[in-house]
Amino acid sequence: MKVMIDLCVVPIGVGVSVSKYIAECQKIFQEAGLKTSLHAYGTNIEGEWDEVFAAVKRCHEVVHEMGAPRITTTIKAGTRVDREQSMEDKVQSVQEKLS
Amino acid sequence: MKVMIDLCVVPIGVGVSVSKYIAECQKIFQEAGLKTSLHAYGTNIEGEWDEVFAAVKRCHEVVHEMGAPRITTTIKAGTRVDREQSMEDKVQSVQEKLS
Amino acid sequence: MKVMIDLCVVPIGVGVSVSKYIAECQKIFQEAGLKTSLHAYGTNIEGEWDEVFAAVKRCHEVVHEMGAPRITTTIKAGTRVDREQSMEDKVQSVQEKLS
Amino acid sequence: MKVMIDLCVVPIGVGVSVSKYIAECQKIFQEAGLKTSLHAYGTNIEGEWDEVFAAVKRCHEVVHEMGAPRITTTIKAGTRVDREQSMEDKVQSVQEKLS
C-alpha cells in the first residue's frame, strides 16, 4: 500500500531551535531512499507504507538519541485505491484550476 | 518504545457519515489488545510503537475494503524517554493544576 | 457558523513539563463559556467559530506571557451545514455501532 | 502577533476529487494578500494572526457554499516571541545543516 504523509517532528525539552533534529530526520529519509519534499512546517514523504513508517520510527529513535527527552509528532497520512497520485500530481491538480 | 497517539481516520468519497468506519477501527484496536479512549475528534491509543502503528495500517486496509476509495488520517504521536506517563497521568496532571 | 475543534497547544523552550500551560488554556475556555472535553492528547471544544478561535488566540497570548518563547499548536476543525451534531452525538454514533 | 500556519482543508461528502475546493481557498489567501506556499498535503500561510484565521474561516464558508456539507480541516499554528522567522528562514535553517 502506497502512502503519502506530511510529517512534523517536534523535540521537546531541548530549547527553541529544532532544525538540527529535523536535518537528521531528512538524512534518515534520504538513506531510506524515500521521496521527500521539505516545507516550512513539515516534510512530505511518499512511498510504501511500511518503509515510510519505519523511517518515522527511526526519526523518533534518533532524535531521542540526540538528547531530546520528549517528542511530539504530527502526521497526516493519505492512501487511495482508486488511482495513483504523486506529490507533484496533487500540487499540479490545484495549480491547473488556478490558471 | 512506548508511544501514545491520537488518531483521526477520515474516509473520503463515501458520503458524510463516517461513524461505521470509525467503529471498525475501534474493533481493530480491541482485537490488538491496545488501550484506547474514544473522544469526539479521534481516539487516544497507547502501546508499543510497532503494535500501535500496525493497527493504524490495519485501519487503512479495512476502511478501503469497506469501500472507501480514499482516506486521510491525522496522527499525533508522543514518545518520551525521561519517564513513563499513561493517558490517565496526562489528564490528571492538568486537572490537578486546575483544582 | 458552529465549529468543533480538537486543540493541542505545545509550548517549546520551557522544558518537558507542559501541563501548567495546558491548565491555563482550560481556564481560558471556561471563562469564555465554551463547552470542552479534555483528553490525553488535546481538548475538544465546541462553539461559535469566532468565539472558539478567539480562545485559541488567547491561549497563545497567555502561554507566551507565561514565558514560552515558542508555541506549536495542532488544531482539527470540523464544520457541517447538513445537520447539527454535538461532541456527545459523535461519540455516541460510534458507540452504537459497536454494541 | 505573527503566525505561520500549515492548513489542510478536506471537504467531505463531495467525492474523492477535492482540488477545485483547494484552488478556491488559494484564491482567498491571494485576495487577502497573505504569503502562501502550496505543498502536496496543505498550504503554508504566514501573516498576522487575525488576518490568517479570517482567511481560514472564509475557506470554510466558501467550501460549504460550493456544496460541501461537511469539512474537516487540520491546522498547525506556530508563534514565537523570541525572534522573527519567515517560512524561507525555517527551510533554509534545515538545509544549511544538511550541506
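Chains here go by letter, A, B, C and D, matching the order in which they are written, and residues are numbered from 1 within each.
Basically, a contact is a pair of C-beta atoms (placed from the backbone, for glycine too) under 8 Å apart; a residue touches a chain by one contact, two chains touch by 3 or more.
Quick caveat, the model's predicted, so the values are computed rather than measured.
**Q** Is the contact between copies chain A and chain B built from the same residues on both sides or from different ones, judged by whether over half of the numbers are shared?
**A** The interface of chain A with chain B is built from mostly shared positions.
**Q** Starting from the Cα centroid of chain D, hunt down the chain whose centroid lies farthest away.
**A** Measuring from the centre of chain D, the most distant chain centre belongs to B.
**Q** Report, in whole Å, the distance between the mean C-alpha point of chain A and the mean C-alpha point of chain B.
**A** Using C-alpha averages as centres, the distance is 19 Å.
**Q** Indicate the whole-number Å distance between the mean C-alpha point of chain B and the mean C-alpha point of chain C.
**A** Taking the average C-alpha coordinate of chain B and of chain C, the gap between them is 18 Å.
**Q** Provide the C-alpha centroid distance between chain A and chain C, rounded to the nearest whole angstrom.
**A** Roughly 25 Å, centre to centre.
**Q** Going by the contact rule already set, what residues in chain B reach two or more other chains?
**A** 8, 13, 16, 69-70, 72, 74, 76, 78, 80, 82
**Q** Using the touch definition from the top, list the residues of chain C that touch chain A in their complex.
**A** 8, 10, 12-13, 15-16, 18, 69-70, 72, 74
**Q** Touching chain D in the complex: which residues of chain C?
**A** Interface residues on the chain C side: 1, 3, 13, 49-50, 53, 56-57, 60-61, 64, 69-82.
**Q** Sort out for me which residues of chain A touch chain D in the complex.
**A** Per the touch definition, chain A meets chain D at residues 4-6, 8, 16, 19-20, 22-23, 26-27, 37-42, 44, 46, 74, 76, 78, 80, 82, 87-88, 90-91, 93-98.
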